[in-house]
Amino acid sequence: MARIGVFICHCGENISATVDVAKVAAAAAKIPGVVHSVDYKYMCSDPGQQMVSSAIKEKNLTGVVVAACSPRMHEPTFRRACAEAGLNPFLCEMANIREHCSWVHEKGEATTNKAIDIVRTLVAKVKKNKALLPIKVPVTKTALVLGGGIAGIQASLDIANSGHKVILVEKEPSIGGHMSQLSETFPTLDCSQCILTPRMVEVAQNPNITLYSYAELESLEGFIGNFKARIRKKARSLDEKLCTGCGLCCQKCPTKKIASDFDAGLGMRPAIYVPFPQAVPNKPVIDREHCTYYLKGKCRLCEKVCPTQAIRFDQADEIVEVEVGAVVMATGFDIKHGDFFPEYGYGNYRDVIDGLQFERMASASGPTLGEMRRPSDGKVPEIVVFIACAGSRDPAKGIEYCSKICCMYTAKHAMLYRHKVHHGKPYVFYMDIRAGGKMYEEFVRRAIEEDGVQYIRGRVSRIYERGGKLIVKGADTLLGARPMEIEADMVVLATAGVANPGAEALAQKVHISYDSHHFYSEAHPKLRPVETNTAGIFLAGACQAPKDIPESVAQASGAAAKVAALFSQDELIREPLIAVVDRQAPPLYSTCVGCFLCQTSCPYQAIEKEEIRGRDGQLIKTVAKVNPGLCQGCGTCVALCRSKSIDIQGFSHEQVYAEVLALLNRGESDV
Amino acid sequence: MKTGFYPGCSMKGSAREYSESLMAVAKVLGRELPEIPDWNCCGATAAHNLDRDLALALPARILAAAEKAGMDEVLVPCAACYSRLSVTRHELLDAKGSEALRARISGLIEAEYRGSAKVVNILEWLAGIGGLEGLIQAPFARKVACYYGCLLVRPAGIVKFDRPEEPQSMDRLMKKIGAEPLDWAFKTECCGAGFSISRNDLVARLSGLILDDAVARGAEAVIVACPMCHLNLDMRRPNIEKRADKKFRIPVLYVTQAIGLALGIAPKKLGLQRHKVTVRFSPAVDKSPAETLPPSGTRPGEA
Amino acid sequence: METEKKLIGRGELEKLFSHWRSKGKRILAPKKIGAKIDFAAVTTLEEVCLDQVQTVQSAKTAVFPRVEELFSFKNKDGRVEIRERDQGALPETVIFGLRPCDDAAFAVLKAIFNWDSQDPLFSARMEKVAVIGVSCPRADEYCFCTSAGGGPGGTTGSDILLTEIAPGEYLAEIISEKGRVLAGEAAGLKPCPASVSKEAHLAKVEPVFALERVAPALARLFDDNAFWVEQSLRCLGCGACAYVCPACACFDIQDEGGGSGQRLRCWDSCGFGLFTLHTSGHNPRPVQSQRWRQRLMHKFSYMPERQQVLGCVGCGRCSRACPVDMNILEHLRSVAEAKP
Amino acid sequence: METLRNKARELLASKTVQMVIGYGRGSGEAAPARAVFIRAAAEAESLIFDASCQQNLAVYLMKPEVRQLGKAALVATPSALRTILQLAAENQVKDHDLLALAVDAQGEVTPLATLQTIEAHVAALDCNLSAGEKTELQKYVALDPEQRRQFWQEEFARCLKCYACRGACPLCYCSRCTVECNQPQWIPVPAHDLGNLEWNVMRAMHLAGRCVNCGDCSRACPVGIPLYLLNQRLLSEVLANFNFRSGMAAKADNAMSTFKPDDPEDFIR
Amino acid sequence: MSDFEPKIVAFVCNWCTYAGADLTGTNRMKYSPRVTIIRFPCTGRIDFMLLLKAFANGADGIIVSGCHPNDYHYSSGNFHARRRWIVFRGLLDFLGIDVRRVQFSWVSAAEGAKWAQLVDATAEQIRQLGPFSGYHKLRGAGVE
C-alpha cells in the first residue's frame, strides 16, 4: 500500500497569494494513499527540506509529492533531500502549482481547485513511480571547441592546461576571430592584436590542442561523455606540412583585387591569401571562387613560385572523425549588415560605415595603416557622426535587445578619431549611455570631457547625401526635441550585434536550443549560464548574446572549468529516465515481437537487436534492446510500440495513464 | 482572380485624372477593374479620430461588399483609403481580440465580414502584372523622383508592403518603363497633408522642401501614388512657390500617368491637362519639351 | 405439465406483440441488420425475420449479456460503498422466433451458471425471460441438432413452440407455465385438431455422427498433439465461435472507473491466448491447437461429465461464423472416427 | 488449376518446400474456399483456385504451429504478396523463408522465390484503391461529421470484441496485443460502446502505414462491420500526406516510424 | 451554455512547451485555469490512446504541444509526433469525432506569451463547442 507524503509550499506569497494552500493540503490528505499532507512557507529552505526528510523517516513514506514551483527549478533539490532521507530520489515528484497555477491565474476557487487537481495528478503518478538506479557511462576526456575567437582560444587553453585534450575547430583560415580585427580595446586602449596574438601562438604550440582551421563541424552524434563528431576540413589547396608560410605565393598572385573579409571590405587581398600577417596557422588558402586557375583553368603561378611545391590544386575536403566527451560552443557573433538601414543609406553611401569597418580603418595594420581616410575619396573626414543603437533596442527593426558593446566602442571610436584627427569634430547620437563595467563610465566621461566628443541624446531619422556631404537629420531630445541637421563627412553606425548567419543550422546540428534571435540558450539564465539544455555542451562568448572581451574570456574560462569538472570523473552518472524493452520469463522471453519500427524511429540509434538463444544456442527470437548509454529518454519508441513492449522509466505507461485518470476524475482518485 | 476597384471620394473628384489614367492603363494591360457595388466612404478624413467602431465599420462594409461580390482582392489607389482598409483588415483579422471585434463590427454593418479579400495598393497591383515591359511604346526616359508619402508603406507592421524607409517598389516600376529613379532624400517625408485645411502655410513649407530636393537632384518629374500628395505638390504649387520665393516648374505625375505615357496613351486620356502645373510630356519619342525647361532651383555647380 | 396444442394466426401474433409492448416488455426477435440477421429488440411482428435457417448470434444475450454490471461501487474518503443491482429493474423479456436448438441452449447455460451455486443475476434474468420458439422448416449443411440430442421441432427450453403449418398459420405448443400465461394474453387461440402434426412441417436433419463415440474418443485423443495440431492449423484463434455460440458461458470480470465505477461481467473465450495466461507468464495452453482441443473437450467431454449436459446444441452457428471455415461438424466426425 | 496442382506436386516431391499453403474447397455449399496445408504430393489434388479464393493466406506465415511445419510455398493473391513484403519490412519474414506462388485470375502460376522477385511482381500491380472502393469511401467522407459519428456508433455497437478481425489480419502478429495489456488496461476488455470504439481506433492506428487492404478483417467480422473503410481511409491519408504505400518493398521504412522535415503541419498552431 | 467551464488537458513536452509555460508564469501572464498540464519528455512519447482516455474520462478539449520542428531537444520526436497526429486526426475525423477538440501546437521555451494565447484561444474554442457529452456518454453505454 502506498504511503505518500504531500508537501505544499507557499513560496513566500508567490503561491499562497492566489492559492488557498491550507485547502490544498486538506484536500491532498483525503486522497487515498496519502498519509501525510502539510503546507509550509518555504519548502525549499533548510527547515522545509527537513520537514520532508523527517516525514519520510517518521511516516515511512513510499513516495513524496512536493507541490511548489516548476520541477525544472527544484526537482533536483527535493530529490536530493529524499535521497538523503533514505527514499529513492525517483519516488519524488513535483506538482507545479506556481508557474502553472498561482502565477498565471487570479486568486479564487478555480485556482485553488486547479492546484488540487495538479496535486492529485502527481500523487497518482508517484504511486506508480519505481525506485530507479542511476546509470553510469564512461567519459571520453577530449573536448571539442567550436570557434577560434577569443572565447574559443581561452576555453581551449584552459582545458588544455588542466591536462585534457582539446580539438579546436575554426571555420576561417586563421583563429583570432573578431578580436583580431579590432584596433584598440576599451577602456584601456591597448592594442587588440598585441594582447591577442600571444594567445594564438600559445594555442598553436600547446601539445594538448589539435587545431583544425578552415574547418567546420559536419555532424555531432551521441551524448555527454560520448560524442562522435565529424569535422570537415575544407581544402586549403595546399599541403600544410610542406608550406612554410613564406608568403611568396600571395605576393605573386595576379588576382589581387578581392575585398578582404578581414578588413571588413575596406581592403583588398589576393586569391591565395593569409587573412592577416599574424595568422595562426600562418598558411595561406586558395579562394577557389576567385582564383583564375579554378575559374579559367589557367595560371598556376603560385604553384610555380612555391619553393616547397606545396600547392595542391586537386585537394578535396577531408572528413575527420573524432570522439569527444564535451563540446564548447564559441562560435561568436556578427553585426548587422546589408540594407538593414536604408534610412541611413548604409550600403549605398560609401562613407556610411559600420563599427568593424571603423576598427579596420583605425587599425595600424588596416588598409589605411591607421589613418582616418574615408572610403569614398580617401579624404580625412572633418566631421564624423557616430550613431549608437543602429538597429539595437528597436522593436520596429525586430531587435529589442541592447547589443551591450556599442556604447563603449562608440566612445572608443570617437576618442580614437579625435586622437588621429585633432581638429575633427565627432558627434555621437545615443539613446542612453550604458557604461556599466570597471572603468567604463570613466572612459566615456573622458571621451566627452577630455576629447571633446559631442554627445547628442536623440535618434537619427535619415541620412542623405547633398553636395558631397552626408546630411544627418536627427533630434536633440535634451534641447526640446529640436530637429537638427549635421553635414558630416563620414558616419559610423554601431550596428546591432546579431547571431552568426549559420548559428541556427549549427544549433540544430548539435541539438541545442536557441532564442528567437538565434543566440544559443543557456540552461538557466542565472544559475547555469555556461551550460546548454543538452548535457555536455557548454557556451562561451558572444554566441550566447553580445558581450565584450573580458566577459567572453570569463565565460570561456567558466565553460572550461565545467569541462574540466566533467573530465575529472572516469564515469558519468546519468539519470535513468530511459526506455526499457520488456523482458519476461520463458517461454515468452519478451512481449517484443521484433518488428523494429522502434529502431527506425529512434533519433539516437539507441535501439539494438538482441538475439535470445536457448541453452543449446538455438535462436529463439530476436528482440529490441535499448542501449542505456545512448538512450536520451524521449520516448518516441514507447508511443510507437504496438504491443507496449517498450516503456520509459519516469514517464511510464502506468504513470502517465494514472495521471490522466486522476486529473479528470475529481474526488475519486484511487486508480 | 477577381480584382475589385475601390475609388473612394478623391478618384471621383480632385483626382479624376488618377482614375482616368488607371482605367486607361488597365485597359491596355487587359485588366478589368469593376467597382465594388454600393461602396461607401472609407472614413479617412475624420472618422478614426472620432469613433473607433465607425472608423472600422466604414471600411469593413466596403470589404464585406467586395467579398459578397466575389472579389479576391481590392485595389485601392488612394493611399489614405488604402491605409484605412488595411488597418481595418488588420484589426479585424490579426490583432488581439479580433474575433470579438469582428463579430461586433459585422453586427454594425449588418453583413458578415470574413476577410477573404486582400487589400492592395496601386504599386503592389502594378508590380503583380507581368509583361509590362513588353508593352512599352515609348520609354519614359526621364529622371524621376519617386515620392511615396507617408501612408503607402506605413505602419510597416500592418501594411507589410515594401520597406518603410527607403521603399523601392515605385522605383522598380519606373525602371520598367525606362525612367531613371533618383536617389533622393524625401521619398517618405511629410508633405503636410494632415494640415491641409488648418495650416496650409505648413503644407507649403513641407511640400516645398520635397520639391526643392527633387529639383536639386535633377528630377524631371515627381511621381506620386496618392491623391493627397498630388494635391499638395501640384494644386498648392502657387502657395509653395510664394513661400519658397522661387519657381518650381517640375510637374507631378501619378504613377499611372507615367506608365500611361510609356504605353503610348494620349495625354488627354491620362488627364494630364487637368494638372495645375503644366505637363509637357507626351508619349512621342521626342522628349524635347521637358528638356527645354530650365531646371529650376538648381544649386550652382551641381547641374 | 401437459403440453397444450392450439392454433394461432399471424393476426393474433401481431396482437400479442402489441399487448407485450403495452406491458413494457422487451421483445427480442430475429431482425435484418445490414446484410446479417440477428437478435435485436423489435416492436412489431413486421420487423421479425423468420426465413433464415439461423441468426448470426444466439439469444443468450437476454440472460447473459455481452457486458453486464454486477454491482457498482464508490470510493469516498477511503471507504468503499457497494451498490447491488436492482433485480426488479431488469426488463421483462419475450424472446420470439428462437429455433429449438437455441431454446435447448438455455438449459446448458443454466447448468453452468447454477452448477454448484446459483448465479443470482443470471437467474433473475432467466426468471424474466419467456421464450417463444419457432421450429425449423429448413436446415442447412451446418445443422446437426439431431446428433446433439435435439431436433428441428424439439421443445426443450421453449415456453411456447410455434410450427408454421400453413402460411401465416401456426401450431402453438404451450409447454410451460410461462407459456400458459403468454397464451392467456393472446385472444383468439383456436383449438388444434388432432389431425394436425408438426412433423410434416419440420426440416429433415439426419444424424451425422455417433455422439456416444465422441467423449471416449476425446479422452483417448487428449495427448495426441499431432492430431490437434492437424485439426487446428487453419484456426485463427479468434473468439467468433464462442461469442455466437448459444451455450458458451465463459466470462471475465472487470472493474471499470477509477475511485467509483462498476464491476462488469463480459464474455470471454477459450480461443484466446490470454484466457489461461498466468501472471507468472506461464500459459498452460500456449498454442492454438491446445485451445481448440479445449473447446471440444469442454463441450463434449467435461460438461457431460460434470454437469451431465452436452455443451453443444448442434445449431452450427460457430461453423457459419468462422472466418476460416472451421466446421465443428467435420472436426467432431474426425474425433469420432479417429483410430485408436 | 492443374498448373497449380502440378507446381505443388513438383515442389513437394523435390522437397523444395515442406508444405504448400493453398486454397481448398469450403465445407458448405456456398462457402468460400478455405486454407489447406498440403504436405504430400498426393494431396495436391485438393488445391483449387477460383474467385472464392479470397483469404489472405499470408496470415498463416505468422502462426507458430504452421511455421513449425517447415518451409512453405504460399498460394498468394496480390494482397498476400504485399503482405509478405510488409512482413519482411517488419523483420518477420526473411528472404528464402518461403516461396510465393503468385496466381492470377486466369490461374497462371508464377513462382517467386525471393523477396526481390516479389517486389518486381508487386511493382507491376495496380495497388491503388479500385474505383468502386474510392466511390464507397468518398460516400462516407462526404457525410457530415455527425452522420459519420452516428454511422460508426451503430456499427461499433454491434462489435463483439471476438477479435476475428485481429486473428484474420496477417499484420496483427504481435505476441501480446495492446488489448492484452492490463497494467494499465489500455483497452477496456468488455465489448461496450467505449471499449469497442477504443479497440477499433487502436487497431486502425496500429495498421496505419502497414495495412495492405486485403479486406480479411471485414470478411472475418461475424457481425459485418465494414472495417475496411477505416483502413482504406488511413492508407489514403498516408499516401496523400507522406506519399507512402505499404507492402511494396521488403526493406522499406515504415510510414509511422519515419518522417520528412516538411510533412504537412497546417493543423498545428 | 454560458456558465460551461471546459475541462482541458494539455499534453506537453518537458523541454519546450513545459518550459514555455514556466516562462508564462515567470512573466505573470494570466490565462484560463481550465487547462492543466501533464508533462511528457517529448511529444514523441504521447500515445494517441492517452487522448482517447482523456476524452473518455471527461475532458472537453485537449492541447498537445511540443518543440518547434528543428529547435527540438530530442532532435526528431516531434517530427514523429507530427506524423502520428496527421493520421490520428484523419481517423478521428472519419469517425465523426470533432477534431476541433484537439489543438496541436508548437510552443518553444521562449514563447511564454504564445502559451497563454494558445490556452485562452483553446479554452474559448472549447467553450463555444460546449461539453463533449457525445463522447462522455460512451462511458457506460452498452452495459446491461
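A, B, C, D and E label the chains in the order they appear, each numbered from 1.
We adopt the following convention: contacts are C-beta pairs under 8 Å (C-beta built on N, C-alpha and C of every residue); 3 or more make two chains touch, one makes a residue touch a chain.
Small disclaimer: the values here were computed from a predicted structure and weren't measured.
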Count how many hops through touching chains it takes, at the least, to reach subunit E starting from subunit C.
1
Chains shared as neighbours by subunit D and subunit E?
A, C
Of all other chains, the one whose Cα centre sits farthest from subunit B:
C
Using only protein Cα atoms, the chain sitting most centrally is E
More C-beta contacts across A-D or across A-B?
A-D
Please compute the C-alpha centroid of subunit A, do the same for subunit B, then give the distance between them in whole Å.
47
Starting from the mean Cα coordinates of subunit C and subunit D, work out the distance between those two points in Å.
32
Per the C-alpha means, the centres of subunit A and subunit C lie apart by a whole-Å value of 72
Residue numbers of subunit E (touch at least two other chains):
48, 57, 70, 76, 80, 84, 140, 142-143
For subunit A, write out the residues touching at least two other chains, lowest number first.
588, 601, 640, 653, 657, 661, 665
Two or more other chains are touched by the subunit C residues 66-67, 258, 264
Throw together a list of every chain pair that touches.
A-B, A-C, A-D, A-E, C-D, C-E, D-E
Within their complex, subunit D touches subunit E through residues 140-141, 143, 145-152, 157, 178, 186-187, 190-198, 201-202, 204-205, 208-209, 229-230, 233-234, 237-238, 241-242, 255-261, 263-265, 267-269
For the subunit E and subunit A complex, residues of the former touching the latter
5, 7, 9, 14-16, 18-19, 21-22, 24-26, 28-31, 33-34, 36-42, 44-48, 50, 53-54, 57-59, 70-77, 80-81, 84, 108-110, 116
For a test of understanding, state which residues of subunit B touch subunit A in their complex under the given definition.
156-157, 163-166, 183-185, 213, 216, 299, 302
Per the contact definition, I'd like the list of subunit C residues that touch subunit D in the complex.
33-36, 38, 56-57, 66-67, 140-142, 229, 232-234, 236-240, 242-244, 252, 254, 256, 264, 266-267, 269, 272-274, 277, 287-289, 319-321, 323-325, 327, 329-330
For subunit D, which residues count as touching subunit C in their complex?
26-29, 31-32, 34-35, 37, 55, 59-60, 63-66, 158, 160-164, 166-168, 180, 185, 188-192, 195, 216, 219-220, 222-224
